[in-house]
Amino acid sequence: MVKTVAEIARFLDGQLVGDGTAQISAVSGIAEAKPGEITFLATPQYHRFLRTTAASAVIVPPSVEFPQKTLIRVHDPRLAFARVMRLFYACFPEGPQGIHQTAVIGQRVNLGHGVNIGALVCIEDQVTVGDDVTIFPGVFIGRESQIGSGTVIYANATIREQTVIGKNVIIHSGTVIGSDGFGYAKQGDKHLKIPQKGIVVIEDEVEIGANVAIDRATLGATRIGRGAKIDNLVQLGHNVVIGPHCLVVAQVGISGSTEIGSGVILAGQVGLVGHIKIGDDSIIGAQSGVRKSVPPGSVLFGYPARPHVKAKRIEACLNRLPELFKKVNALERALKLLKRK
Amino acid sequence: MVKTVAEIARFLDGQLVGDGTAQISAVSGIAEAKPGEITFLATPQYHRFLRTTAASAVIVPPSVEFPQKTLIRVHDPRLAFARVMRLFYACFPEGPQGIHQTAVIGQRVNLGHGVNIGALVCIEDQVTVGDDVTIFPGVFIGRESQIGSGTVIYANATIREQTVIGKNVIIHSGTVIGSDGFGYAKQGDKHLKIPQKGIVVIEDEVEIGANVAIDRATLGATRIGRGAKIDNLVQLGHNVVIGPHCLVVAQVGISGSTEIGSGVILAGQVGLVGHIKIGDDSIIGAQSGVRKSVPPGSVLFGYPARPHVKAKRIEACLNRLPELFKKVNALERALKLLKRK
Amino acid sequence: MVKTVAEIARFLDGQLVGDGTAQISAVSGIAEAKPGEITFLATPQYHRFLRTTAASAVIVPPSVEFPQKTLIRVHDPRLAFARVMRLFYACFPEGPQGIHQTAVIGQRVNLGHGVNIGALVCIEDQVTVGDDVTIFPGVFIGRESQIGSGTVIYANATIREQTVIGKNVIIHSGTVIGSDGFGYAKQGDKHLKIPQKGIVVIEDEVEIGANVAIDRATLGATRIGRGAKIDNLVQLGHNVVIGPHCLVVAQVGISGSTEIGSGVILAGQVGLVGHIKIGDDSIIGAQSGVRKSVPPGSVLFGYPARPHVKAKRIEACLNRLPELFKKVNALERALKLLKRK
C-alpha cells in the first residue's frame, strides 16, 4: 500500500503543510522512521525529534510549526494516528483459512459463511458460529455457545458452554470466558459449592485481552457491554455488568454482582468489592480500591478510593507527616514551658 | 425436575408459610423469577422485591413476614439457596463421554472406570487417573501425575509432571499447576536457575479457578489443603501451604514458603510476602499487604496490613488529615501570639 | 548420580569439615533430609535443625560450627545450593522426543537439529526453530516467529506471530506472548482500535513464568533483556522494555512504553504507569505504585512509591496517627485554657 502525503492529509481531513507528493508506504515511531514513512508527534515532549526524524511527513497538533518538515496538522493526533494505522495495516494477522482437518467439531454445529477454524480447535455440540468468524488454533468452545459474525478468537482461548458472543468481538489468547463463579455457602467448616447456572454475554465490538478470566453468572448473566475494552489479566466475577464503551485496564479485579456504568475507565490493578455500582463516565485511578457505590462522573483515587482532589491532598499531607509529628511535639514542649511561666 | 414448594420446604428443613402445592421447576433471581420458579431473599436490601417478584415461592430468613407470597423460612438462607440450587442443577456441564479418539495418551497410563477424556487432551506417560474423572478438551497432564477419582479438569488447563491431585477436585480452564518456582541464586550479575524438583499436592474437594498459577516446590511440596477454594488468577509460589477450607479470592499472590492455616479467608488482590505464617481462621481484607506472621483469628486490613480496628481508625484519621495540618498551623500561630504577650 | 561429600565440597570450592566419604545421592530440605542426602542451612533461624537433621552433610555459611555433622562451609550458601541442585538435577523434566505425529506444522517452517515438538502443537508458516528446542504439547507458535536454540516452551503457551525469542529461553505454560497492546483512540463515545503492528523480542537466557501476558508493540518492539526473569501472572504492556538481568516478581503490571533499566527488582504486585523510566539496579517494594521516572539505584516502597526510608517513616507515623489527633486536641484545649487565663 502506497499513498502520497497529500492523499493521507485528505483522508485525515488535516492541513497539509509542505510538499504533499512524497510516497508513503509505512507508519513508524518518530525516532525510528525512515524516508517513505509517516510518523506522528505523540506528546509535546517528543517535539525535539522533529529535528532529527527521517520520516517523510509528520502528523502534528494544529499549533505545531516546523518549516523543514512536511506536516499534517490535525485536531486529534491520536485519532489521526489510529486512522492512518488502520489505513496502512489490518487489525488482525493472517489467520487460518477454512476449516482445518484437525479441528474437532461437534454435532449440530451451525457454521456461517466464510468461517475459518484453525488446527486443533474443539467446538462442542450445538454451537452457532456467525459469518466470517476466525478461530485460531487450540481454542475450545463449549456446547450451545453463540459466536457473532466477524468475531476473532485467538489461540488457546477457552469459551465455556452457553456463552453468547456478539459481532466483531476480539478475544485474545489464554482468556477464559464462562468459568464458574466463586460461589459457596458455609456448611459447618466446609464450603458447599453453589452450581453456577448463569451465562456470560459479550456484546458487539468488545475486545478482551490475554489471560483474562470472566466468570459465568450464578443465575442470569455476566455481561460486557457493547464496545467495552478489557485489558490483560482482568478478573470479572459472577454477575458483573460492564457498561458500554468502558475501558478496563490490566489486572483489574471486579467482585461478584458489581455493575459498572457506561464509559467508565478503571485503571490498572484497581479492585472493586462486590454488589456496588460505579456511575457512568467515572474514572478510577490505578491500584485504587473501591468499596462503595459512586455516582456518575466520579473521579476517584487511592486505597481506599477517595475523590481525586481529596486523595491528592491527603497524599501531600502524608509527605509532610513526619514533620507534623515534630511540630506537634515542639508545640507540646512550648506549651509546657509557657504553662510553667 | 419438578418439586412442590412443600417438598422443597421439607428438603430444606424450613418452615412453609402459605400454599405448598405450587410446582417448582427452576431457581431464579428475585427480580427475574417467573411463576413456577423459586427464589430467595439474598440480602435485606432486596426486601422490596417481595412485592413485585413473580416467583411462586421465596426462601427467606426466619423473621420475614409477607402474607401475599408463599415463603420458606430457613435459618441460613445462603446455605438453603446453595442446597436448592444443587437440588435443581448439576455442578458441572455435560462434558466429554468416553475417551475421544484425538486424545493423546502416553504409555503405562492407568485409567480408572468411567473416565471421560475429551478431544485433543494430552496425557503423558505413567499418569494415573481415578474413577469417574472428566478431563475436558485441550488439557495437558504431565508424566507421573495422579488424578483422584471424581475430579473434573476444564478445557486448556495444564498439569505439570508429578502433580498429585486428590478426589473430587475441580480445576478450571487456563490454570497451570506445577510450573517452576521463581528460584534463582545471584552469580555475579546473572541469576542462576535453581532446579525446581518438588511437586504440587492438591488435596480432596479443592476447587481452583481459571488462569491460576501454582508453582511446584523447590524441594518437597506446594500443598493445597482439603476443601480449600482458590479463585481466578491467584498466584501461589513454590512451597506455599494452604490449610484446609481456606478461601483465597481472585488475584491474591502468595510468595514462596508462606503457610496459611485452616479456614483462612484472603480477600481479593491480597499480597503476602514469603516465609510467613497466617494463623487459622484469620481474615485478610482486600488488597492488603501482609509482611509478618500473624496469630490465629487475626482480622487484618490495609497496606501494610494492620489489625482491622486500628486500620479503620487510621483510615478515619487520614480523612481528617488535611484539617489536622490546618489545626496545628493555627495552634502554632496562636501559641506564638500568646508567647509574645 | 552419586558423589561423595568431599567431591561436592571440591565442586563448590567449599571447606570440608568432618568426614568426606559419605555417598550423596540427593539434595533435600533440612527438616526432611535422610542419610545419603545433602542439605543446606538456608537461613540462620533454621540453625536448630542442625541438631536433628538426618542429612549426611550440610552446606553452611563460613562461620557455622557443629562438630557432630559433616559440614561444607561456603561463602554464598544460596549459590552453593543452586549449584549442588544443578549438579544432581536437570532444570527440565523429561519432555517430548522428536516430532509428534499429531503436531501441526505449517509451510516453510525451518527446524534445527535435535528439535522436540510435542503432541498437538501448532506451528504456523515460516517459523524458524533453532537446534535443541523443546516445545511441549498444546503450544501455538504464530507465523514468522523465531525460536533460538536451546529454548524450552511448556505446554499450552501461546506465541503470537513474528515474535523473536533468543537462545536458552524458558517460557512456562499458559503464557501469552505477542497479544495486541491495549491501544485505542477515542472517536466520539467509541474506542477505535489501533492496529498493533510491532513485535515482541525476548533475548537470550530469559525465563518467563506461567500465565504471563506480554503485549506486542504498537510499532517497534516490546523487549525483554538478556537474562531477565519474569514470574507468573505478570502483565507487560506494548512497547515495554525490560533491561537485562531484571527480576519481575509475580503479578507485577507495567503499562505501555515504560522502560526498566538493568538489574532492577520489581517485587510482587507492583504497578508502574506508562511512559516512565526506572533506573538501573533500582528495587521497588511489593505492591508499590510508581508514577514517575526514578534514577538508578532507587529503593522505593509504598503507594504511591516513595524512597524507602521516607516510606518507612510515614508508615511509622501512621501507626501513631490516632494518638497525634488526640494530642493535638489536648493541645488545643490546653491552649484555650491558657488563653482564658
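General observations
Residue numbering begins at 1 within each chain, and the chains themselves are lettered A, B and C in the order written.
Quick note on the criterion: contacts are C-beta pairs under 8 Å (C-beta built on N, C-alpha and C of every residue); 3 or more make two chains touch, one makes a residue touch a chain.
Please read all numbers here as calculations on a predicted model, not as lab measurements.
In the Cα superposition of chain A onto chain C, the rotation angle, rounded to steps of 5, is 120 degrees.
Under half of the residue numbers at the chain B-chain C interface are used by both copies of the sequence.
Here the spacing of chain B and chain C, counted between their Cα centres, is 25 Å. In chain C, the residues that touch at least two other chains are 102, 120, 138, 156, 174, 211, 233, 251, 269, 303, 318, 321, 324, 328, 331, 335, 338. Only residues 27-29, 32, 43, 76, 78-79, 81-83, 85-86, 89-91, 93-94, 100, 102, 118-120, 136-138, 154-156, 170, 172-174, 205, 207, 209-211, 227, 229, 231-233, 244-245, 247, 249-251, 263, 268-269, 286-287, 303, 315, 318-319, 321-322, 324-325, 328, 331-332, 335, 338-339 of chain B touch chain A when the two sit together in their complex. By the touch criterion given at the top, residues 102, 104, 120, 122, 138, 140, 142-143, 156, 158, 160-162, 174-176, 179-180, 182-187, 189-195, 197, 211-213, 215, 218-220, 233, 235, 237, 251, 253, 255, 269, 271, 273, 275, 289, 291, 303-304, 306, 310, 313-314, 317-318, 320-321, 324, 327-328, 331, 334-335, 338 of chain C touch chain A in their complex.
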